[in-house]
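Taking it in order: structure first as C-alpha cells, then the write-up.
In this document, chain identifiers A, B, C and D correspond to the written order of the chains, with residue numbering beginning at 1 in each.
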Amino acid sequence: MVDQVARLEAAARERLDPAAYAYYAAGSDEEISVGEAAAAWRSWRLLPRVLRDVSHVDTSLSLAGTPLATPVLAGPSALHGMADPQGEVATARGVAGAGSLLVLSSRSSRPIEQVAEVAGPWWYQVYCLRDREVTGEQVRRAARAGARALVLTVDAPYVAPKPRVRDPLPLGAHGDEALANIPGVRAQDREQDPSIDARVIGQLAEQSGLPVLVKGVLRADDAVRCVQAGAAGVIVSNHGGRQLDRAVASAHALPAVAEAVGDRVPVLVDGGIRTGTDVLVALALGARAVLLGRPVLWALAVGGSGGVGALLESYRSQLSTAMALAGAVNLAEVTADLVAGAGRSRG
Amino acid sequence: MVDQVARLEAAARERLDPAAYAYYAAGSDEEISVGEAAAAWRSWRLLPRVLRDVSHVDTSLSLAGTPLATPVLAGPSALHGMADPQGEVATARGVAGAGSLLVLSSRSSRPIEQVAEVAGPWWYQVYCLRDREVTGEQVRRAARAGARALVLTVDAPYVAPKPRVRDPLPLGAHGDEALANIPGVRAQDREQDPSIDARVIGQLAEQSGLPVLVKGVLRADDAVRCVQAGAAGVIVSNHGGRQLDRAVASAHALPAVAEAVGDRVPVLVDGGIRTGTDVLVALALGARAVLLGRPVLWALAVGGSGGVGALLESYRSQLSTAMALAGAVNLAEVTADLVAGAGRSRG
Amino acid sequence: MVDQVARLEAAARERLDPAAYAYYAAGSDEEISVGEAAAAWRSWRLLPRVLRDVSHVDTSLSLAGTPLATPVLAGPSALHGMADPQGEVATARGVAGAGSLLVLSSRSSRPIEQVAEVAGPWWYQVYCLRDREVTGEQVRRAARAGARALVLTVDAPYVAPKPRVRDPLPLGAHGDEALANIPGVRAQDREQDPSIDARVIGQLAEQSGLPVLVKGVLRADDAVRCVQAGAAGVIVSNHGGRQLDRAVASAHALPAVAEAVGDRVPVLVDGGIRTGTDVLVALALGARAVLLGRPVLWALAVGGSGGVGALLESYRSQLSTAMALAGAVNLAEVTADLVAGAGRSRG
Amino acid sequence: MVDQVARLEAAARERLDPAAYAYYAAGSDEEISVGEAAAAWRSWRLLPRVLRDVSHVDTSLSLAGTPLATPVLAGPSALHGMADPQGEVATARGVAGAGSLLVLSSRSSRPIEQVAEVAGPWWYQVYCLRDREVTGEQVRRAARAGARALVLTVDAPYVAPKPRVRDPLPLGAHGDEALANIPGVRAQDREQDPSIDARVIGQLAEQSGLPVLVKGVLRADDAVRCVQAGAAGVIVSNHGGRQLDRAVASAHALPAVAEAVGDRVPVLVDGGIRTGTDVLVALALGARAVLLGRPVLWALAVGGSGGVGALLESYRSQLSTAMALAGAVNLAEVTADLVAGAGRSRG
C-alpha cells in the first residue's frame, strides 16, 4: 500500500511549480541515499509486548528543556514560500497548533521575526558561513527573536550537485531576502565555510547564548567529538540524501551514534520517516525525537498551516496507536527490545 | 506455481460481497505484516531424512487433553455468516468431519450453542472486555456449551486501522448478535479492555473452569510470563497482520518463543500457513499445532462445510506426504534438524 | 544471457509431445526446489589462481574403479523413448562417445540388455520395491548385463504429486515394458517399498555382487550412515525437485555432506548443473563428479545420440576452460579455496 | 538515475560499428561478472566525517615514482582505432591533459612510438607470449619509447569465449599491425603462453629494465606470491568480466588483497568503476589508484581526445567533491572507516 506521505507528495506535486517540486524532491548525484531512506526504516520489524496496561499512552517529552506534545518535529528545510504564500509563517502556525517544535531554516523565505511571531517553541538552523560576522549576526538575531536553540548543519561544507535542479526557482514574495540565502545565487560571504571544525560549536553557543545541536552526524566518533565540544544534541542525518550520495541511511547510522552518545545529550534523527511506526522504530533505536523534512513541505503545499498541523497530528496519533499495540505507554518504554532486523527475532 | 490457498482465495473473492472480502482480507496500516507472512514460512528449506521406515505416517496428536487426527486447526475468525448462510455452524461441521478442532471466535455470526451442537472438540476465543461481567458471562456460557478451553486474544488492546475496510458489512442473518460483537459498532461495554495484564489469565480460568491459552504472543519474555501466570498454551500470532503492522512474522517469532517455553505448555502458531509443507516447517520450529485463519474463510465461501473439511484434509494429507518424504513417521519426529534457513544447510 | 541448457530446453520443447515435456520438466508441489536449483550453483563466485602453468588441463578421473574422460555423467532419468525412438540406446551411444558414464534408470524405455550392448561404462539405478524378489531379479539382470555399480534411489519412498503431470504419456515403442515400470500404472509389486532402511544397501550389494551408491542424500548424518552401511558412494540430490518440494538445493547441501564423508567414498551431486562452470563449483565444494538429468533429455530430443555426446563434450570443454582460467590443471587441484559465496571473498 | 557512464555508453553505441561495440562491451560466457561489477561498488555505503577543515582537497599522488594529479588512470584496452581514427594517440592526448596516466595495451591500434610521442606518463601492458623473443622485443621497444613500467596481464592464459563477439572487427587504419595483435587472427607466436609462473615477473623486469605490475589478481595468496617474486604493484581485476565468468567482483576481492599486500607495493583495481564515489570506495578499501576500461572507450568514441580528458576530469572532480563531503582532504585520509556494507554501519 502507498503510504500517507507518498499520497501527500503526489498531491503536492500537482500544485507546485515544477521547478519548486524538483528543488524539494531532489537528491544529489544518483539519488541513491534519497531513494533508500524510507526503506531502511521499514526493514526493521517489531516485537510487541502484550498484557501491559496500555489504557493511557503518553507521547509527550521534554527536549532541551522544552515540553512538547510529540517527538515528531518539523525539521529545517529551505524556501517554504514556494509551497505556500505565507511560507514559514504558515508552517510555524501548523507546528505550534500540533504541540510540536519548528526548526527554522536559515534559508527561510520569510524573515525570522515574522515567523517567530506566530511560532510555538522553535530552534534556528544555521550554517557557519565564510563571513563569520554574518553568521554571528544571524544567530544573535535568532536569539533575540526567541529561538530556544541553534541547529548547526555540518554536512554541507560544499553544496553537492543535484541533477534534477535545473530551472530558476519561483521565489515569489520575499524573494529578495530568500535569494540572498540560497546556494548558487548567493554572494561569497553567504557561502558555507568549509574550514570549520568542532570548535565552532562553542563559538556559536557563546555568540548566541543558546544551546547548539549539531545536525548531519552519521558516525559515532564524530558524535562523541561534538558532545565533547559542547553540543547540546546530535542529529543523525544525511541531509535528506542531498549532500554525499551513498551516505549511509540514518536508520542504519542511528544505533551506533546513540550507543556512543548515551545519555549525555539527546540524539535526534531525520530522513525517510514516513509513518508513526517509523517514529516508533527510530525511538527504539535510540532517538529522543525525529524531524520531518519533505513531508512538511508536501503538507504545506496541499493544506497550508492546517495541512502541516494535520500531518504532525497524524504522525503523533499513529505513534500513539503503535505504542499501545506494542505495549509501551510512554516514550521511556520505547526501548531497543521492541525492534528486530527484518526476518529475524530477538524476543 | 500458485498455491492452493491463493486459488481458493480467488474463487472466494468472486462469490463474496466485496465488503466482506475486504474485511476478511484486510491487514492494518500498510499491510506489511499481512504481505510477508506466507513468504516467511517459505524461506525455510528442508533437510529430509532417508532410509527410514515410513510405511506408516501418523499425524495425530493429543492437544490439551483432546485427541485430534491432525495438528491443523481452524483458528478464530469473525463473522463467518458473510461467507456462508450457515456461518460457523457450517464451519464447525467441516472441522469436525476432518477430525480437527475449531476455535470459535467471540465475534461469531451464530450463537455459541448452535455451533456447539454440531461441533467436534472446540475452544472459545475471547477478548477481555471493559465490562468484565460481560466477559465473565461469555466464558461461562462457552463452558456450559462444551468448550474445552479458552483462547484469550491479547494483541488487540485497541483495534488497529485497516484502510481497506470502508463499507458496511453484509451481516445478513443473525446479524443482530453479530453486530453487537464487532468493532466500531459495538457499545462501550463490548470494547476490549486495554488495561489488562497477565493476571487476567488466572481470572478467566477461574471464572470458566477451563484452561486458558494466550493468543498473540511474539516475544519469548511475554510467553514465559504467560506460562508463569497459568496459561495452558501460547499461540504465536500477529493477528493475521491486522493489528500492529510490521510486527515480526510468526514464522520468525516462533523459534525463540518455543525455545523459551520448552515443554511446559504447548506452543501453537498461525499466520500465512498455506500448505502442508508450511505445517511441517512450523512443527519443526517448535509448534505443536497450527491454526488457519483466512484459508478457512475462503474454503467456507467456496464450498461450505464440505469445503472446510476438504481444506483441512488437504493440509493433513500434504503434511503426511511431506513427513513421509522427510523421514518422519509421527509428529514427535518432526524436529528442528529438518529445517534450514534458505540457502544454507545445517545437516 | 540465456544459458546453453535453457536454449536446448526451448528447442526440445518444440519437438516433444507436450505430455512428455511436462513429465520431464515437472517438479513436485509448487516447484520451489526445481526452480532454485540452478541459481544455487550460480550464487557461488570464483577466486581464480594466476601464474600457474596451465598448458595442460586434464579432466579425467577414476570413479569407483572406472577411468572416465570427464566428471560429467549422465544421471538416471526415466523413459527416454519419449525423446528419441531409440530411447536409452541412443543415450548410451552418446555417453560412450564422450568418454562418460551412463546411469541407466530402472524406468528405462528399453530393455537393459539392448542398452548395455552399445554402452560404455554404465551403472544401474534401482528402487527397492515392495516385492524384493522383483528387485533382486532386476539387479542380478543388470549385473549380468555388465553394470559396474548400482545406484539406489532413496528419496522416493512414495511418489510426490506433480501438478504439471496430467496427461497420458506417449510411451510409443517398447511401451509395454516401460509401462510396467512407471509410477501410477504399475502393479503393486512395482511400487517402492517405504519401509526400507540402511540395511538394504548391503543386501543389494550381496544380491548383485556390485558396489552400491546411494542417491538422494541431503544430510551429513544420513551420508555417514550410508557409508557405515557399506555404500560405495553418496549422491547428493533432491531428485530434480520432483520429490520433497522445498528440499534444500543440492548446491547448498553438498558442502556439509562432503565434509562428513571425507575421503571414505566419493560424493557425487546432481540438480541444476547447467554449465561447465557449475561443474567447477560442484567439484570445488567437494563432489568427485556430477550427474546431468534433464539436460540429457533435452539433448536427446534435439539431437539424438549425437546431441547427447555434444552436450557432454560441451560441459567437459567448458570445465576444462574454466579450470585453466582458474589455475587448476587436474581435478585434484579443484579445491574449496576456488569458491566464495556471492558478494564475499575469502582469498 | 542513470549514471554518467551509462549515458556515455548509449551515445557511443550509436556512433560505433556494431561489431566494435560488441567487442568492447562483451563479457565471457553468460556475462555474470561483467553484469555485477558496478553494483558491487555501489553496495558499499559511506560514513562521512564532519567538522574537518576541507577547504583544500588534494587528489594528487605519487605512483611508482610518477606524480599524478588524480588516482583515476586509463587502463589497458585493445583497439582504440575502432572508436576514433586517431586511436590510442587520441586517448593518450586526453589522458595527458587530465594529468593522469595511460596504460597502453599491447593490442593497440597504433604503434607504440606514435602514442608515446604525445603521451604524458604511460605504462605498457603486456602478455607473456609463447614466443618469448617477441615479448622481449615488445617490452624493450616500450622501454625505449619511454614507458615507465610494465603491466603484465596474468588472467588470460587462454582467451575465454565471448558469445557476443561474432562479426569481423572494423580495424580500419593501422589495421595490419593491430591485426597481428588480436586474439583469433594472430599467429601462434602471438598467443599467450599458458605455462608461465611467477618467475616471469623478474624476467620481464630484467629484459625491460622497468618495474612490473601484475594485473588480474583476485586472491590474497596470489598477490603475496607476486610481491615476493618482485612485482612493483598488484592490480585487482577480473579483466572486465572477459575472462573467467563468475570470477568474484574486484570490489569484493580488493579488501583481502589489500590487507595481504599491506604497504609493500601499491594495489590498484579496475572493473565497474562508474563514478568518483566509486573511486572513493575503492581507495577506502585499500586501492592506491583505479583504472578505467570501457568508460575510456565510450568517451573516446563520443568525444575523441577531448572526451577522454573530460571523462577523467569528471571522475577527479567527483572524487574531490566526495572527499570534501566525506571529510578527507587528501588520499591518505581516505581510509577504511569511511565505508560500511550496505545496510550496516560501523561508525
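Please note the rule applied: a contact is a pair of C-beta atoms (placed from the backbone, for glycine too) under 8 Å apart; a residue touches a chain by one contact, two chains touch by 3 or more.
Just so it is clear, the model here is predicted, and its values are computed rather than measured.
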Contact distance in steps, from chain A to chain C: 2
Chain C against chain B, contact positions shared by both copies (same if over half, else different): different
Angular offset of chain A relative to chain B [C-alpha, multiple of 5 degrees]: 90
Where chain C and chain D are represented by their mean Cα positions, the distance between them in whole Å: 43
Separation of chain B from chain D, taking each centre as the mean of its C-alpha atoms, in whole Å: 60
Shared interface positions of chain D, touching two or more other chains: none
Every chain pair meeting the contact rule: A-B, A-D, B-C, C-D
Chain C contact footprint on chain D (complex, rising order): 29-32, 40, 43, 154-155, 157-158, 160-161, 163, 193-198, 200, 214, 216-222, 225-226, 243-249, 252-253, 255-257
Footprint of chain A on chain D - complex, ascending: 1, 3, 42, 44-55, 275, 277, 318, 321-322, 324-326, 337, 340, 343-347
